[in-house]
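The chains carry the letters A, B and C, assigned in the order they are written, with residues numbered from 1 in each.
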Amino acid sequence: MASNDVLEVRDLKAYYLMNYYGVTREVRAVDDITMSIKRNEVYGIAGESSSGKTSFIKVLAAAIRPPLEVVAGSAVYDFSGMRPIDVARASDADTDRIRWKYLSYIMQGSMSVLNPLRRIESTFEDFAARPLGLSGGALRQRVVEHLATLKLGPEVLRAYPHELSGGMRQRVTIGLATICNPEFIIADEPTTALDVVVQKDVLSLIRNLQRQMGASVILVTHDMSVHANMADRVGIMYAGRLVEDGPTRTLFTAPKHPYTAHLVASLPRIGDTARRPALEGRPPNLADPPSGCRFHPRCPLAIDRCKTEVPPLATVSQEHRSACWRADDVEPLVTADGDAGRDTVTA
Amino acid sequence: MISIVRDLIRYNIEFAIGLVLTTIIVIFACLSFFSPVNPNLVYTAIPDQPPSWQYWFGTNSRGQEMFWQLSFAFRNTLSFGVTVALISRVISIFVGLLSGYLGGWVDRILMFVNDIFVAIPIFPILILFYFVMRSNLNSFTLALVMACFGWPFDARLIRSVALGLRHREFTRQAVFAGMSPIKIMLEEHLPYVMPIIFATAMANMIWSIGLEVTLAVLGFTNINIPTVGTTLYWANNHSALVVGVWWWILIPVIILVMMFLGLFLLAVSLNEYIDPRSRLRRMGV
Amino acid sequence: MREYLLFALKRFVQLAAVVFFGISGAFFISHLSPISPVETILGEVTGRSSVDPEAIAQIRQALTELFGLDVPLWQQYLNFWGRFATGDLGPSLLAFPTPSMKLVMLALPWTVGLLTSSIIITWIIGNFLGGLAGYFQNSRLLKLFGVVSIGVQPIPHYIVAFLMVIVFGFLWPILPISGGFAMNVRPGWTIQFVLSILHYSILPAASLVIVGMGTWFLGMRALVSNIVTEDYVTYAELANVSRGRIVGSYVIRNALVPQLTALSMALGGIFSGTIITEQVFTYPGLGSLLVSAVNGGDTTTVLAVSSMAIIAVATAIFIIDLLHPLLDPRVKAA
């Protein structure tokens, strides 16, 4: 494991094993993923619904419960001042030590992650008192300071969740996740179900905090524009597998997997009226996935080899990997005009 | 439908036990159609005989064979329970769907009435009815009165489902297509509500039969109709326990508990089967 | 604060409506009775000794006036409410001329005491155990408790009470099965009396607790099993919030709110169950009073008990409703 990596995932497999009224099902939500994340890096994970990305980050967050189980592989964190810990296999006691202090989570949907019957200050006490080792006045002080960086005033503390607006609730949730200065933050669709203005706010908040703390963030969303604006590197998931990953700019300008090419092309640009090709078909059933490359039923470049042999995630160029037998033949579907890289979301 | 029942029997032990118990009781009650004895006659057999090969459940102090007595008793009690459940289902569906779908002042009035009925303790009212009608109180009238008190809980449940359905796409489409409210309620919304109806019907039966037994034991119903409650009433009347005729009390109570248990298990297992969240939980084990 | 007062006012209006309609209903039902209180009392009086027919006519006249039966029904109805406002529901027929309200008031504390203690025990303990059972799904002890609850829960109050009388009356007579207190103890505020009351209330209370506990346990367990899957609980577990805090403040506290609503809906039934149980144990509460009144054809007492029952239950529901916004800040007290 490179000393610069804060997370290394190797051959990770996590399936839903279900037995209900005599019917056994094995849903291969995470099927053989190998990747790593450096310190102080924003890594985006993109993919459609049921690509397995939520299950993947549940494993990373050490938050899996039956029927989801880790079947093989490892996910090792290397935090400062600690021995490396493999969350795929670690005991509860070990994972408890890293929770919230080193590893935190921003959950999807700010609506319901806060206890409706508890004031915000009590929630902060529940979450942060132990990892920070503070209580009473000192804790309150720290919370107020932290909320200020999120542009929330101290009056928020006495409020109940339903008394705050959606945007404020999302900031509180981000505040909760970042108050202990974790080294690794998992953000699960933090902007879904928010309107564009609030989205911009939330994203810049996450970006600023990440820079300040020097933390790594794994940002999961299906929205490619968010990745374009936020991520240093992006990984594309399809049907439980990682099909391409690499620096954001490279992926957007020169994707080497047909699926990525289509995803990138789906972003509209002002003034661009070209027709966009749509992919036929739908994502596969993870309980009964296609043989060989899972994308082959929908792939315009598919050849016979794709139906029988699984393409490995092979290095295409510097830090850029793709799982496609015809990676060299992949062309971007829409030519980039000028700078299609980072926007000025966070000036 | 059959496959659902089959799956439930095979994998849900509560349902299986409940079904077995209830079926036994129903069969027992149906035997009364083939009874050689008229249950309203007394002293047709030797009184106070303990259970034996001749008299399977023994005889009571009134000279009646307990086996046939109880068979009739359970038949009457079960049909009473079913009647109450049916009538109160109809009322609660009507009120619940109407209230949930139409909303506005209809909803407010109906829920107001609902709350009144919930707050009034039924036992004194039932006693009051008995007090007034004495021996004119037949099973059907009693069933009617009980049904009038049995609908509030379930009407609220149905109402909340109907409230959710009101805003669904297919409802708006139906309205747009010009369907009348009654038609929408009956044809589109009713199927969503049926599972609740089934589950609550069992609970309702338990409640109404329990109440009927209680009233009868106290002597507050028509004691000449053989039901489980009146059987216990006569047993008390003849001081069965003191005299030593224990089978007069114990056997009806045991069968009664079996019946309650059976109905309750059915209700609980059906409820869990219907609730999609509990289904997901079971999948993990 | 103003919102809360408005809320309380609305609920009070509801309380008044329930009481009004309920008691009116009881009034009209009881006046359908073919039993004439006048004739009943006359029967009592003349049955003891022979009386001069002239005197009988005079008594009849006096009684009819007393009971206000010489006016049409609607007027009787209005007179009824008039007298009700002063707390007078008419004399008891069996214990003539004791006012029926006095009998009710004598019996009421016994019922209320039994009711309150059994509700508190069953609701609090039942919900607490159910909460634990819903969260710690693998505990064998709690699972056993669940199975027992399922077995006992559907059995009606009367049967359980009856079985307890059998067990403790005939098989294992260690606890008193009838009466409110020992016969040889003088009523009064002495320790002896209080202890005697407690002693005699053990069996009826136990009977109610056995029946009631299961309902709350099973309901809470189901509720908690669902709450455990809620986002805020999952999030708190992700963040390693202390287990005790999660079970207490995130799970049970949130489940208690619907259980409180359930309690107010169930009060009517709980009350009925209590007075049924009282009757079995000959406990000197409203239950025994009601049954003896019915058997003796005592219209006024039956009406008095019914009225008091309606008022008691409606008031209890009102009080619980008032507690609601205090427990759940989301309830718009509007």
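Assume contacts are C-beta pairs under 8 Å (C-beta built on N, C-alpha and C of every residue); 3 or more make two chains touch, one makes a residue touch a chain.
Given the structure is predicted, the values throughout are model-derived calculations rather than measurements.
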Dominant interface by contact count, named by its two chains: B-C
Chain separated most widely from chain C, comparing mean CA positions: A
Distance from chain C to chain B - Cα centre to Cα centre, in angstrom: 23
Averaged-CA centre spacing for the pair chain B and chain A, given as whole angstrom: 53
Between chain C and chain A, distance of the C-alpha-averaged centres to the nearest whole Å: 57
Chain B - residues contacting chain C, complex: 14, 112, 115-116, 118-125, 127-132, 134, 153, 206-207, 209-211, 213-214, 217-220, 241, 253, 256-257, 260-261, 263-265, 268, 277-278, 280-281
For the chain C and chain B complex, residues of the former touching the latter: 14, 17-18, 21-22, 25-26, 29-30, 32-34, 150-151, 153-159, 162-163, 166, 170, 218, 222, 225-226, 229, 265, 267-269, 271-272, 275-276, 279, 290-291, 294-295, 299, 302-303, 305-306, 309-310, 313-314, 317
Chain A residues within the chain C interface of the complex: 61, 63, 96, 99-100, 104-105, 107, 109, 111-118, 122, 126-127, 130-131, 160, 162, 176
Chain A-touching residues of chain C, taken from the complex the two chains share: 230-232, 234-242, 245, 249-250, 253-254, 257, 328-330
